[in-house]
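In the two complexes below, chain A is the common chain; its partner is chain B in one and chain C in the other.
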Partner chain A sequence: MAVVRKSIFIFLGSFALFLVLILPFYFFGELYGASEFFSKFSFLDFILGQEWSLPEQKYGALQAVYGTLMTAGLALLITTPISIAAAVAMSELLPEWLSERLGIIVDMIAAIPSVVIGLWGVLSLGPFLSNTLYRFLVENLGFLPIFQAKTLTAYNKLTAALMLGYMIMPFAVSVIKENLRLVPMEIKEAAYALGLTKWEVVRITLSYIKPGIFAALMLALGRAVAEAVAVSMVIGNTCSFSVSLLEPACTLTTLIINNFAEATGTEGAALIGLGLVLFVISISIVLVSRLIYNKFFGGYMR
Partner chain B sequence: MNLKKLRDTLYTSLAYLSLLLLIIPLTWIFFECIMKGGYYIVSRPVEFFMDIGRPPGVEGGGIGHAIQGSLYMLGLALLVGVPVGVFAGIYLAERKNSPIAKAARFMSDILVEFPTILVGIVTYIFLVSKVTGILATGPAAFAASFALALIMIPIVARSVETAFLTIPNEIREGAYALGLLDRQTIFRILLPAVRAGVVTAILIGLAKIAGESAPIIVSNGVSNFWFSRWTEPAASMPVLIYVYGLSPFKEWQTQAWAASLLLLLLIMGVGFLARRFTKKLWAGA
Partner chain C sequence: MAKPLSADEVKGMRKQGISKTMALGSAIAVVVLVTLVALVMLGGVLTPTPTPTTPTPTIQWPEKLLGGGATFVNPLMQKWAYEFKQERGLFGVDYQSIGSGQGIAKLKEQAVDFAASDSPLKGSEWEELKNVRGGVIQMPITIGSVVAIFNIPGVDELKLSQEVLLKIFDGGIKKWNNPQLVELNPQLRNVDKDIVVVYRADRSGTTFVWTDFLEKVSGGKFPRDLSFKLPDEEADKARFIGAKGNEGVTEAVRNTQYSIGYVELSYATLSGLAHAMVQNKVGNFVKASMESVTEAVKSIIEHVKLPDPLDDWSTISLIKFEPSSSGAYPIVSFSYVMLYVENSPEKAAALHEFLTWVYQKGQKYVADVPGYIPLPDNAVQIGLKGVSYIKAT
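Here is the complex of A and B:
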């Protein structure tokens, strides 16, 4: 009788169990798909291989990893100051009604599909930047290795990073805003009572939620690493180790998205191997940020 | 003292400037979509919604095939994803301390951040690759639908859980006191009480997958024709924007803007509906 009474929870629980098994299923699928490749090529050669070239049967992931870390890191560098400042402005400086409206706008930015942002990047932002900012950088700061370019192109690491930075911004802003609300009112009141200016109070508030900001930015970095379509539209899709921000590159996701549909046999399996690398990178980023968050806030993150 | 004030003004204005940086690109994107795409839709309204694309160089053409393909794909994804997500979400809320619920909560927090392109790869490997494919041995529309369903399941589950957790415990106690079974309590008392919340959860999941392009490109590929069979590639709006946007042809680029406008309006419309339903949920509770 008890079994019959509780049977509904067995039914519902099986769906929850399915949810638990999705991630291991993904991992197993990636391993299985890449096994064909790793039976022929050694894992070390793959992960440390410098070159990705089909005609020569060279499958090295290092250039793609370099491109991924460069663009995502740069995007994070762009997002960090802007999103912290925007979150502070919205939750500490502006009146309630205005910041509520701005919150809706931030949600709207988050809702833009990545392919639409990619379209904007490829048709509007890229050409605009290459005529203005990039020309200026090459002409005036061209002696710096990071701003050297053989030919001035609209599609390079900097375009990808600027676009990615904008894509992860709404997420970072809303999580930091959520964190700012956790700061006890007494702390702010005490600071104001000491006669501190608004900015000094904000600095104290920010230092109070440092781990939360760090975790939010880590998650934003994870999103930048995972982004595929928008990046592939503006990064130029030429693999290289160039340090210049104004040179094209490739990333793990762009190699997959550009070649997976036509790939057969070994190449397809090698691309799945790249997916495995992406899997490991993005899962470790998410885990680290959750760990930090749980350690300092002991709670559950939206 | 004066210096202090100056610094205060400087930093505050920098904060306001950052808000401007946040808003400008959004306005820019909308402006381009409306000026280029909106103009195209208004100039050929019937053709745009009802016709398929034209070869490069030929004027005109529409995205009817992509709208149709997107509807089919999203429909199947909802059909698979919604029941799984809702049932799992109910379990997470009603058995919140069981080990399965704890593990599922942890896993779905990771899954929400998981690269969607990998979901496409995994569905491709298991559903349509040459070795394991049963229904098809090449890119196929149903594989893309399953990828989208897998993407939306954790999102729906977490939102449904949140909705169920807003129900006061007294209602559950009242239902049990009347002698109702667990299944009656859940489906006759609790589910109707948070109808609006469940609808919101589904809409949030839909908004998330409606704009996804990477998993579709990987598991379904590209098609320029009307939907034919589930085991063949189908067209879809995000992939059409991707292909047309990267093409060098002016006509195609204009249609990519038009499709973007349509997609943006759809997703924001879904988001607006979700907001309305959330308000209702709070008003009712």
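Here is the complex of A and C:
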């Protein structure tokens, strides 16, 4: 038996090793693609370029970076309260049988392919929102620059952000839920013993898992930045710096998937450049979040 | 009664209990997997190779022809491949709809037997391939036509002069009740709404045809490209929505009131959305249809000398030749099939067989595929001439 166990262990271990060994291949691939990019562009000019227009051979990534950060940031803003509330409700407030079933449903949302969510966004969510929420926002809050729009359409940053928020929610919820489960029972018992209300106890447990919540949200943000298919279907794909959330934009990933199939030469290199910019953004999200984590949450990663 | 367990035994079970069952389970799983794999492999070996029952024909057919390229011709190609196999049963045709650009790339790599593209080879590409395997044959395989679909509540007819159409799509005309539009369409007088323009966000042959037309009307100012050029003003850009694929554009126009977009004729027909009449060279406002598109192509071939299939087609644009017939729809284009002159004997025979069939018998199946239009006779002649250049080496 020991031999079998050992061989299974080695078998599984080799998979982990495989993952590590693939990394250099990935880097070489990236470098190979990037070499073509660097031979044609200067990275700084590219990333600070104001305009992206293939027909005019203008390759500037800044609008796409803006679109990416706007939609992902907004999605995070939307998903943060919802996922914290959902996690707390599921692990602290609701009866076990209900929260268990809810948990399954939330996990199922995570399993929906993004193209399906995109179709849902295009076919039902978008048209519904543009006739209700967006109309309301433009008519009543139209004095705010972020809600100004000449035309009401389903294709804008807000639709993309709402859809993204929905897509990344399950990841945040399940990580926060796990963290809540890890809060020592003694703390809650002590709090109740002191006569605190349920609400106050929840606040204490939440402050206890702050680092966990932060980590969960960063994980979700990483996913939001990288999402391509679903976003490209609802964001309107018109690159611009418009402030209004109800106007179209483009993101790094949508430019890549929209154009890569038919891009050659310089265009292809520019798209690889966009991938590089995305890579830099993702890496900096990881690094910055680690930095913040170490600075504010006591310097340990659970 | 079971004998009570000794302390050692209990300890041993505690230590091994779970891992033992798990190890057993995994071991069984591995054994099952290995057996399955072995069975599959053995199956491959043991299956008897079919003995040829028919006497070997004089021509050796390849197993299949491999084609790839434009998505636009894909439904047609699949239909042809199916009917050809049904009718002749000689060999299969495997067409992969990977996009025009990829199709041409695969042709250059010699990874396909033929490619299909919405635009001809660029001059430089043609030059580059001129001396490879005897050069490339390019010939029209079907006709594409791009139309402007629109969604204005209560309006189902729209007349657009070429100038107005350009101004809508370059951002110059911003509202539906613009005087230039109202002059042609009095029913728009009270539609005080911004125009939402839906364009293709992905690089596509449809955009190429559409911008070819806009380039012609603008006198070269609007760039012809696989991507659509957006207006420069930020305020105008907000009215422009990019959607993916013909389906995406159709859906966006359907969902967005006061919008206009461009799609292949077949998508307009299938979606049930109204499409605009466009003024042609004679001055008539014509709606795209099987008749008006066929008439346009026919009239162009009659009046213009098209190049030989072995020549450079890069400057050929049906739009710029402007059909002069009175009932012709002006925004039409060829889709091309491209192949090398020199092929291996069996591939040459197969290409010859299949393409001849496509140009002759195949044309009658075109009407079965909704939205596609058979080639007029004079275009078929170009195709057959192209086929005659195929050489076996």
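Keep in mind that, in the parts below, the second predicted complex is superposed on the first by the 264 of 302 C-alpha atoms of A that agree within 3 Å, B and C clash if a C-alpha of one lies under 4 Å from a C-alpha of the other, contacts with A are read in each partner's own complex, and residues count from 1 in each chain.
Keep in mind that, in the parts below, a contact is a pair of C-beta atoms (placed from the backbone, for glycine too) under 8 Å apart; a residue touches a chain by one contact, two chains touch by 3 or more.
Every value quoted in this text rests on a predicted model; they were computed, and no experiment measured them.
When both complexes are overlaid on chain A, the residue A:Ile8 reaches chain B and chain C alike.
In the superposed model, B is the one of chain B and chain C that contacts more residues of chain A. In the superposition on chain A, contact of A:Val286 is made with chain B only, not with chain C. Look at A:Gly126: by the touch rule set out above, it reaches chain C but stays clear of chain B. In the superposed model, A:Tyr155 lies in contact with chain C only, and not with chain B. In the superposition on chain A, A:Leu54 makes contact with chain C only, while chain B stays out of contact range. In the superposition on chain A, A:Phe241 contacts chain C only, with no contact to chain B.
After overlaying the two complexes on the shared chain, residue contacts for A:Gly275 are found with chain B alone; chain C is out of touch. In the superposition on chain A, contact is made by A:Met233 with both chain B and chain C. In the superposition on chain A, A:Ala261 makes contact with both chain B and chain C. In the superposition on chain A, the residues of chain A contacted by chain B and by chain C overlap at 5, 8, 122-123, 233, 261. Taken in their complex, chain C has these residues touching chain A: 16, 19-20, 23, 26-27, 30, 98-102, 105, 193-194, 196, 201-204, 211, 223, 225-230, 234-235, 237-244, 248, 251-252, 255-259.
Chain A meets chain C in the complex at residues 1, 4-5, 8, 53-56, 122-123, 126-127, 130, 149-155, 232-233, 236-242, 244, 247-248, 250, 254, 258-259, 261-264. Contacts from chain B toward chain A in the complex involve residues 4-5, 7-8, 11-12, 14-19, 21-23, 25-26, 28-29, 32-33, 83-84, 87-88, 90-92, 94-95, 98, 100-101, 103-104, 107-111, 113-119, 121-122, 124-126, 129, 139, 150, 153-154, 157, 181-183, 186, 207, 210-214, 217-218, 221-222, 238-239, 241-242, 245-246, 253, 256-257, 260, 263-264, 267-268, 271. Remark: chain A residues 5-9, 11-13, 15-20, 22-23, 25-26, 29-30, 32-33, 81-83, 85-86, 88-90, 93, 102, 105-109, 111-120, 122-125, 166, 169-170, 173, 197-200, 202, 219, 222-223, 225-226, 228-229, 233, 253, 256-257, 260-261, 272, 275, 278-279, 282-283, 286-287, 290, 301 touch chain B in the complex.
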